[in-house]
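First chain A sits with chain B, and in the next complex the same chain sits with chain C.
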Partner chain A sequence: MKVCVLLRLVPDLVEELEISENEVVPFQYIPNERDEHAIEEAIVLKEKLKDVTLDVVGIADPDSADEIDEGLGFAAAKGADKLYKVILNRQTFSRVEIAKALADFLNDRGYSLILTGVQAIDSFAGSLGGALARFLNLPYIGGAVELNLNEKLYVKKELEGGISAEYRLPLPAVVGVLSAERPLSFVPFTKLRQAMKRAEIEEVELEVPKISGVELVRYETPPEPDVLMLEGDVEEVADRIVEVLRDISVI
Partner chain B sequence: MEIEEMLENLFKRMEEVPDYEKFFQCIQCGVCGGSCPYSTGTVFTPRRMVLAIRAGIVNEVIESFSHWLCSSCFTCSLRCPSRVPITDAVIPALRELSLLQGNPPEELASALISIARYGNPFKKSPRKRDDWTKEVEFEVPLMAKKKSAEVMFLTGCYGAYHSRCRKITKSLAKIMHMIGTDFAILGNEERCIGDLARLNGEFGLFEELAEKNIRTFSKYSFSKIVTHDAHAYNALIREYTKFGFGKEVLHHTQFLHKNLERLKEMFNSLDYTVTYHDSCYVGRRNGIYEEPREVIRSIPKLKFVEMKRNRENALCCGGGSGIWLDSVIKERVKYRPAESRVKEAFSVGADILVTACPLDVPMFEDALKVTDLEGKLEIMDISELVLNAIEG
Partner chain C sequence: MKVLVVGETVNGEVQNITYELVSCAKKLGDYVTLIMSDADVSSIDGRVIKVNAGEPNPVYYKIVERVIELEKPDLIVFGNTSIGVDLSSQLSTNFPIATRVYNVKSSKNLKEVEVRSMAYGGKVVVVLKLRLPAIVVINAGSYDAGEGMGKASVEELELKYFDIDDVEFLRYIKPEVEDVDISKADVVVSVGRGIGDEANIELAEKLANLLDGVVAGSRPIVDQGWLPKTRQVGKSGKTVTGKLYIALGISGATEHTEGIKAKNVIAVNTDKSAPIFRISRFGAIADVTELLPVLIDKIREIREK
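On to the complex of A and B.
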């Protein structure tokens, strides 16, 4: 059985974007945590079923192409069999367009199961998995916390109010993983270095097509706040504050 | 991992530590277990760990979690009549097996991943490492600008990021500034020195950090490193030498002692009673006992009292390699050494418990809160005490 996991990069929120008059210090990218959980769950599935081949597809832009290597290295150290680095050539950040490009890439590769993180911090709509399934004409379920296979795929999901539910769907399918059924396993540095030395990463460039249907009408900046700057010495400013507070009926 | 593979990995790693062969000279006397602050909570005391490894049942040690209940205090290693390197070889090699199996305690895993990614265990931006310099009223010189200085002041991760420990860093920087030391910091170029990663079995990460840090050091001209981070001091003098680093390194207790004549001229009298806690990697591991005591005793009017467990018999604060394992240890052992230690300091009549390792201060301050000693006993780093004496 062939399983594929998609691994995206997201901005690292530990670093702040620094903008000065002379330069913009860029933030770094790190693997999307939900995708790391998808890889972990695929490893769990591999341990359960033994005959699973796991491919991990790292998705990057030309400027973050090197940064995906570490995430792929971690996947290899955990037990991924084949690694792809997909570099997107795109004009927009539409997940639907990326899903179409990925669907064209993944189609006919014989995957029984395609996993992705249900969400990414830069895309709360969580549309990648669903859109991908639509383009591949496969069933999709998001929010998985455990996967089991017994002829069909059994997916456990946590619902509102502490209720959990189990769903059954035929393969092939696309699943959006919320979290793996165990904590992310730790990869020591030595093991990571060895895996990165050994790993053969197949690099692929993907053209991201323009898709009509949903059009961006406009971007809107937030309205300018009504700010009143009070200047002068303490007495003047205090008098002015009283005046303003009276005007707006606070006092 | 099969047992044979585990044993092979374990011995391969232990062989790298000097005096590793003394492992085979263990006479099973049990002094180690009797000396361990956490022995009551562990199935495998160090003696039993050695026995289990010899018997080929290392998997049982790993499954028991006993190897994580060690704060690397070095008491067992120091007291061992056969000098088995328990703290430097046996425990880290056992921990490495858990890391290779992918399941260390979560709190520790998170700290190690953060060190690898950001150069500190707190998941903080490396660009904010020198933020503490904005909180002092003089300009702290940067090596990147100055290029050359007599002293390179290493803050360590706790000294740079931990809100309480930053006060210690600022005190020491202020003292250096006041006595005219020609010093500079690496600032945002500094990365974790890595001693706690090593003691927790993350040898690959430690090597990476050592190589990176030594490359950074080599960009600048300086004659010595001064640090108040006891674990950074330990790694620099004992481990970094294996990677070709050879500069003089002073712990801040030694630095203050070397400048004592100058400091004495600036001291005002302090009407306190203080006691001194020998931090594990200042005292027991590296033999610095008298320098801090001489500095403390030279402050006019200050009354100095010893605790019963002093010098090599000092009780560990529980920090060490355990500061990231604190909650894990607490689940298994009710007794917390830091609580016992602050009670001991209070019982000898001290107003202030003076320490010389940044890990001690938050450990002891937390202990004050649960022992009802808050407001009755104060915790200070030696540099804070010295600054108090200067400023009166």
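On to the complex of A and C.
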């Protein structure tokens, strides 16, 4: 069975973002956390089923194309069999446009299961998984936290407030992964280096179609928070927190 | 403008987000709510179309599609929930879509609508224009649920010759049995990725003990197995409602802050632009691993007196 996972880089939000009216420029990129979970879950499936081959498709814009290599290296070190690097010919915030481009690439490659992460942190115009499934004419389910295969695919999907539900669907299908069923496995640096040396990455360029209907008016910085800042060095901050705890009668 | 609200039910109960969506729709014009189960819908304000399909299912996008054909809305609103995202994303190949929306500006002009969306973990506001008919996916907590409650006028709709068997709902899986219920605790000490190391969870536990509180955490902490799932605060975890929530090294993504309804929030973070400060009453820019030992000593001294 052929499984494919999409991997993408997103802005590292722990670092500063440069926000102007028509652009958000990150300081650096990191692999999308949900995609890392999708890769982990694919590895779990591989372990459960044995006959799985896993392709990981790294997706990048022309100007961040090199940075995806390390992410693909991690995937290889964890057990991915084949690596692709898809370079989109233009940047877009529209997930529907990305979905259309990817559908053209993924169609007819014989994947039984296509995994994406759910909701990248920088998304605001659509969610990729469902749109991709529609363009490929496949069933879709998102919010997956556990996958099992027994002729059909069994998906544990998280709803809200700690409640989950189990669903069954036929393959091929597209599934949006929220978290893997186990913590992300750790890849030591030496193993990553070996994997990156060994890895062959097939490069593909994709044209992103224009689908109209959503227009960016502007980006804005959110308003300053209305919060009382407890300033000072660690000693002073601790004292002020103690004061607050007293004021609200916690101590 | 005519709005179609796609309501949500779980286990035969209308979810709070449905009322929030109705409250949003009310501000925009005419509206009708679609419910796809046999739930008691009597307290949804306004017209309700009921299609008794069953438990929540991503394949019901086909039902929504049918109802759109019948009702011809200008705007279709979904909740930014697990099922809301499944449904809306599968319809986005046919309609312009905005997600993570917290504000929809009403418009007399039936050509387009302006929406505001909170992206980048709460660090950027995005203003978008959508050509109508369009889809908006609204964050929980953006509108007042109370305003969406009232009296329903229900119409049952039967969809004949309708095939929706791709995805089957099998069963609900209830949350694990818990040692403590963080949603009922008065004081919650919560840790995020900024805690750095599993060993530091112990510091949070010490602080919680001194304050007669409990330890909770953000999703990455639970995903890594540092805390059990029952301790997760947020959209897919629990909502805390007590007197105090202390957020240690938590960025404050909307998926997390949806679960914070405590009276007082104290946030400690090294990043002065962390969105968590926006929902906090008190904030401090500090390294939690440096602050915690000092704070714990000070409180212990007071306690021992």
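One rule holds for everything that comes next: the second predicted complex is superposed on the first by the 196 of 251 C-alpha atoms of A that agree within 3 Å, B and C clash if a C-alpha of one lies under 4 Å from a C-alpha of the other, contacts with A are read in each partner's own complex, and residues count from 1 in each chain.
In this section, a contact is a pair of C-beta atoms (placed from the backbone, for glycine too) under 8 Å apart; a residue touches a chain by one contact, two chains touch by 3 or more.
No experiment lies behind these values; they were computed from the predicted model shown.
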Which superposed partner A:V187 touches (first chain B, second chain C, both, neither): first
First (chain B), second (chain C), both or neither touched by A:G58: neither
Residues of chain A touched, compared between chain B and chain C (which is higher): C
Partner chain in contact with A:G73 - chain B first, chain C second, else both or neither: neither
Partner chain(s) touched by A:G117 [first = chain B, second = chain C, both, neither]: neither
Which of chain B and chain C A:I30 touches, first, second, both or neither: first
Touching partner for A:E16 - first (chain B), second (chain C), both, neither: both
Doubly contacted chain A residues - partners chain C and chain B: 14, 16, 183
Residue numbers on chain C that touch chain A, as the complex places them: 10-11, 15, 55-59, 61, 81-83, 85-93, 95-100, 114, 117-131, 134, 137, 166-175, 187, 210-211, 219-220, 223-225, 229-230, 232, 235-239, 243-244, 251, 253, 263-264, 266-268, 271, 273, 275, 277-287, 290-291, 294-295, 298-299, 302-303
Contact set on chain A toward chain C in their complex: 11, 13-14, 16-17, 19, 24, 33, 37, 95-96, 99-100, 118-119, 121-131, 133-135, 139-143, 154, 156-170, 176, 178-180, 182-184, 212-222, 225-231, 234-235, 237-242, 244-245, 248, 250-251
Chain A-touching residues of chain B, taken from the complex the two chains share: 96, 99-100, 102-104, 106, 109, 112-113, 116-118, 123-125, 127, 201-205, 207-208
Complex interface listing, chain A residues touching chain B: 14-16, 18, 25, 30, 78, 183, 185-193
